[in-house]
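Down below are the structures I want you to see.
In the two assemblies presented below, chain A is common to both, partnered first by chain B and then by chain C.
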Partner chain A sequence: MSDTNSKKVKITLNGKEIEAPAGQNLLDAADANGVEIPRYCYHPGLSVAGQCRMCMVEVEGNPKLQIGCNIRCSDGLKVISDSEKVKNAVKWSLEYHLVNHPIDCPICDQAGECGLQEYYMEHGQYKSDMHEQKVNKQKVVDLGDHIVLDKERCILCSRCVRFTQEISKTSEFGIFNRGDRSVIGTVDDKPLTGNYQVNTVDICPVGALTSKDFRFEQRVWFLDETESVCSGCSKGCNVFVHHKKGKHIYRLKPRFNEAVNSYWMCDKGRYTYKDSNYDRRLSNAKMAGVDIPYSEAIQTWASDLRVLVATERTDEIGVWISPHHSNEELNSILDTFSGKLKVTKFYSENIEQIVQKDESVDGFLLRSDPYPNSKGFLSTLQGKKVKTQSTDDLIQTIKKGGVSHIVLICPEGQRILPEMLKISKVLSPFQFVIVLTPQLAAMEIFSAALSLPTLGHYEKTGTFINHAGIVQHTAAGFKMFKESHSVTDILNDLMIAQAKPAETRERMAT
Partner chain B sequence: MSHSTSLVKKTSHGANMRPMAIEQQPLTAEKRLLLEHEHVPGINKIDVYSSKGGYEALKTVLKNKMTVDAIVDIMKKSGLRGRGGAGFPTGSKWSFVPKNDGKAHYLLCNADESEPGTFKDRVILEKLPHMMIEGMIIGSYAIAAKKSYIYIRGEYTYAALAIEKAIQEAYQAGFLGKDILGSGFDHDMYVHRGAGAYICGEETGLISSLEGKKGWPKLKPPFPAVEGYLKSPTVVNNVETLAAVPWIIRNGPEAYAKFGTEKSKGTKMWSVSGDVNRPGVYELECGAPFKALLEDCCGGVRGGKKLKAIIPGGSSAPIVTAEEAYQMTLDYESIASKGSMLGSGGMIVLDETRDLVQVLKNLSEFYADESCGQCTPCREGTGWIEKILHSFTEKQARREDVDLLKNIASNLQGRTICVLADSIAMPVESYLKKFPQEFEKYLKKSTASGTRV
Partner chain C sequence: MSNLIRKPTLESKSYLIGIFKGLMITGRHFFMNLLGLSKRPTIQYPEQKRNYSSKFMGVHVLTKKENGEIACTSCMLCATNCPAECIHIVAAESPNPKVEKYPAVYEIDLLRCVFCGFCEDACPVDAVRMGRDYELAELAERNFVVGIDYLMNRPALNNKNISVFHEPHKVVTKTAVGH
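== the complex of A and B ==
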């Protein structure tokens, strides 16, 4: 929460002159210049507490060591963070943190991303002088659906207390008792409420607050990290996807973006990865429930298309789409069906209405529009001069026999399934149904159809436009299943196969 | 002035007053400015207080429409320093409050008096409440505060009642409320009772507590004079400091500054406890010899024993050996030259039979218990010190524990938001430095080896 303005000031840090915005927090200015001043209680998204005493620095003109987190950059400020005096102070501050810490790293879920471990390597005493009985506190305190608290591991930095006071405004956490009997907790260990609980786990520098969803699932040093944007609503919170070699997603963590979500994200969004995870995914192309190779699936689809094209019956094609897709995917869908195949029958939910009614659900991040790219969806359709009809219209058209070739581009998520179920009920053997989906459940609804696995949301490369019109980019870092492809790739392969069947077969065989 | 020589009859105790040594007649070694009329029956009532010159200072200030600068100037000239412990010049403190900033200002009276060994404010609160109230109204006028609060420690039941009653009387007499003495100055005064936490006697801990929060000291900057109670400019003064204000206004700053030494002006109240014949509260001119307090006022060490050491300014002050004490005069500089501090003036006298390791262990228990738990070094360090000292008395100390104690203590000082950590670190350092033989005695008895758990 640094109140900075655009004016730049010159400060001297460890003898080197650096520039920083006037009023910027010294720790942030140091970070920006590659100097790491250790800290536990300071968090740039929260007020300054000054409790952990790790960020001790020497300030010219002051005989006593000062805490860096309570210093704002001003012209002529001279700070030393690497003197022996400072190093000794930091070493002792860390020692005080460890005096009553249980040091149960082998069974602690934070191991590998723990502030105590990290700083110990750099600032540790390497020889403990503590020969006394440690203070014992309560372990494994259940704080509701998402969080488990270990009061003994807690270093009382008060980040979670300040988060519930300042950000989630639920004021649930407090520090009880005093001296070395102090503990973090909720009144009577009441469960936490609200949709932002797990942020306290993110900002907890040690293993005191752990996420029920993630704890004991995976050691963090086995995790890979990919940047993405949450698929849970139109806010588009920036996230890190933590997965193991792309085969299993373990968690999402908020990624800082001042313009969108700052340092936070909601719990609902945090669990969207579950719908993109391996156990809910369609891994192979299927025809009537039987695995078939991807190339064969494309050929099957292409041959039906060829007949329609040859007999000029492409108006019998109906395409169902949603704003769950990136702008690039939507573009290629429209290019293929509207542009090349002259399809006119597009169906979707009433996105215009959803966008009009879109509002913040809780006054903070979560929004009522459940799609990550509604704005992109509307503008892409407008650009291609395509209009969509409702799902009910599709059902009516199917009943009337107006479509014989139905393409359902169905994303992951439970929300979409009732809609799909409605469509599946009116289908008859006279329609050729192709389902492009990453979701196993969607394939199961259309068990007689041709199903092609697409990429999950967190594997996609593309752009998404959030509710405020901010275009955000996601970069693919992994691909969960060899046989799954992006909608764009599938449609490209389809068009090639439709035009030159033999060549495609050859390309896909290699 | 006849304050020190007037002989008065010993007064009977008020119905709800407990006996205190102070009720004895003034002693020749004393210089009573604040306590001049302490013995007058009914001095806690407004009419008696007024008959002894009470509220004259307030009238002088308000009727003459003295400017804020003029009052601050008087306080600066008087040389009055904060009597709560830090000894910060009162005039300067008042002058830091911004003028005409459009914000509400507050004066808070720190009557939390929770430093072990200190009970001087209690005398003023119980017996001379009007003197403090008068000082508070003048102080509030000087910093343009329309509201002031007396934060009184929860254990001071009688004192809280006495103050409440005195405030009522002051309202009735028109010294509080709207348009005081026709000056246009409005002022309201409230009593807030603490709940028994030492840390709430710390300036900013007191402010947090008064705000209804946990009594955690606040980060400085911002200082209370700029952003204190309810984020408004606030001055926090000790009871004794505020009680000195009417005398200074009435008699002029020069008269006050005539007493004392160059850097310690006026008089200081001392609450003496421990191994003396007459423990109690005494008011002495700053710079008076220690012997005058110990022997003339307190009747010497109890039981004819020899003095071993004194803790001069409340339990957090570093210890002073008997030899140093006898060379010492009772002022800020002299006590500092012996490596200690005048602090609150809560003097604890220890005779030759006292075991200083036990004393230090006892103190460490207090500070470990009272650490608010906000800053890591203090939260963990105070408890650590307590455990190590406990191992001494349990014959489990290791030789390296002496150095460890020194290391812990030196790495607590100046590393925390408030000075509670220093308050145990300084005694630890001084006891180890000045009385190493006391610790050696325990080391010889120790049977420990390696880790104790």
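== the complex of A and C ==
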């Protein structure tokens, strides 16, 4: 994040003339042009430290090698990064980093995405000249709820130190002692605090800082990567979802987006994947707790709707929605119920109030609005001229007997569960309840209802509007359960089944 | 069409001769074997056993450290290298404070396994070896998924499965363990 001007300058990198913004860091300029200069301590989101000496380059007019991360692009700069002299320097630099490294890759969680492993394959010298005993340091240091520190594996790049100084502003990490006894750590190994701890694991180029949540869970080379947007709050941080063949999500990692979250994300958002994971998910359509096929569930729902439509009682339908859904899902919900079935009773939380009160919780990323698409929710409702009432209104209407057909389109997450519990307490056998949810817990609350599994947040494709009005697209990369469908697909199937019962039955059977 | 229908030849008409020729061969082999006149490849199996080559790869063995702990560090390189995807490992924090990671579950599905020995090649700590057992009859399919108990402690191994990295008085060269 160098302060770059819009002015472009011409620099020569390995004999090739390239254009770069004036003042841009040389490593960033090299990255943009496909030249890889090895680095450990340099991170584009942090200040320059010059700790690791891996990015040595030759600069014309300078007799000695110098570090690339401390060079800003200026007109006429001539840099060579692939000469023998540079390669030799990088090789010995890496050897020096490995002097006291324990090489315990088999038990290290970083193995597979480790900077040492990657550069060793390219620049390593394969035959160590080091015959001294390695300096032993503390291993498995517990640093609070999220992080485990291994002081032996650390190469003292100081990325985590700079992160806690510059980004999270907690200044917890420091380098202690001198020489080969230098270690990274907190004072008296005190646990870390704050909501941005796990970012230090992401930026750690080696396995010194590892996440407790991911500890020993899976080797990283088994993981597949899908791009998505966090569901934790209205910030909408860009994330990578790491999962194994779509059957088990293991972790979320921040994805760079300068306009939204830069290189970071909060710990609260990082653990939102747990609600989308297989063990908390509804895998099959259920009627009163018994598994039924998807087509049968749609038929059951459609036949009840047909009665209501035929007797012109569609005003007895109540629909509960929330801004956890994408714009496309909300559109199809409103098209179906407001447009085709002329339903007027929509219920949700008081989203307008939540959006008005929305503010940054800690002055950085996390916001008070817990929904990823509140803005999209309000604009979609405005576009369709639909107004929602509160959950308490729904409870009052149920008590009065004003609704007999209740559709609850629940998202995942713990937040909606208390409201669902309140609704479930006033229900009687006279109401037909349909729960569209990805979550097992929501289905269990309405044990007598018809439950249909929907897609989890990280399986959806759609657009979400964050607090600043930025529209972000998520692409579906995997599907955890065969029987789960998107809300849009379910409502489409419902409308077809409702209109043409016999034909649909045939279509679904095939 | 007519040229497609073959007329029966003289040989096929006199099929009795063919049957008789066949029976002659069967009969010859029967009496040769009965009287022990031919070289028989079969052996009296349960009593008599064949000598296999020293390279023979049978059911896997998990090795131990000196103190009887499992030598495996659950790095999952065997599972990565396995072409049949038959190795299932769940890693966990070891109860021994001196050991960081160990396999809480190490299962091999012997029905999926192709006994290629790639797991043995991949192992950096000599924790999994190909053993010499090949008698694998079981009644239920689930019995073919064998765990640590069978792989490390079955009586046939006689407690001799000590990893070379933990054998007493054995010097392991520095290059062998790593950098």
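As a working rule, the second predicted complex is superposed on the first by the 509 of 510 C-alpha atoms of A that agree within 3 Å, B and C clash if a C-alpha of one lies under 4 Å from a C-alpha of the other, contacts with A are read in each partner's own complex, and residues count from 1 in each chain.
In this text, a residue touches a chain if its C-beta (ideal position, glycine included) is under 8 Å from a C-beta of that chain, and two chains touch if they have at least 3 such contacts.
Note that the structure is predicted; figures quoted are calculated from it, not measured.
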Touched partner set for A:C114, first chain B, second chain C, both or neither: neither
Contacts of A:F216 with chain B and chain C, given as first, second, both or neither: second
Dominant contact partner of chain A by residue count, chain C or chain B: B
Chain B versus chain C as contact partner of A:V229, first or second or both or neither: neither
Partner chain(s) touched by A:V198 [first = chain B, second = chain C, both, neither]: neither
First, second, both or neither for A:L252, with chain B first and chain C second: neither
Partner chain in contact with A:R178 - chain B first, chain C second, else both or neither: first
Which of chain B and chain C A:V140 touches, first, second, both or neither: second
Which of chain B and chain C A:L408 touches, first, second, both or neither: neither
Touching residues on chain B, where the partner in the complex is chain A: 197, 199, 214, 219, 221, 368-377, 379-384, 387-388, 391, 398, 404, 407, 411, 414-417, 450-453
Of chain C, residues touching chain A in the complex: 73-77, 80, 91-93, 100-101, 124-125, 178-179
Touch list for chain A against partner chain C, complex: 98, 101, 103-107, 111, 128, 139-140, 215-217, 219, 221-222
Of all residues in chain A, those that touch chain B in their complex: 48-53, 56, 64-65, 67, 70, 88-89, 92-93, 95-97, 99-100, 129-133, 135, 155-156, 174-175, 177-182
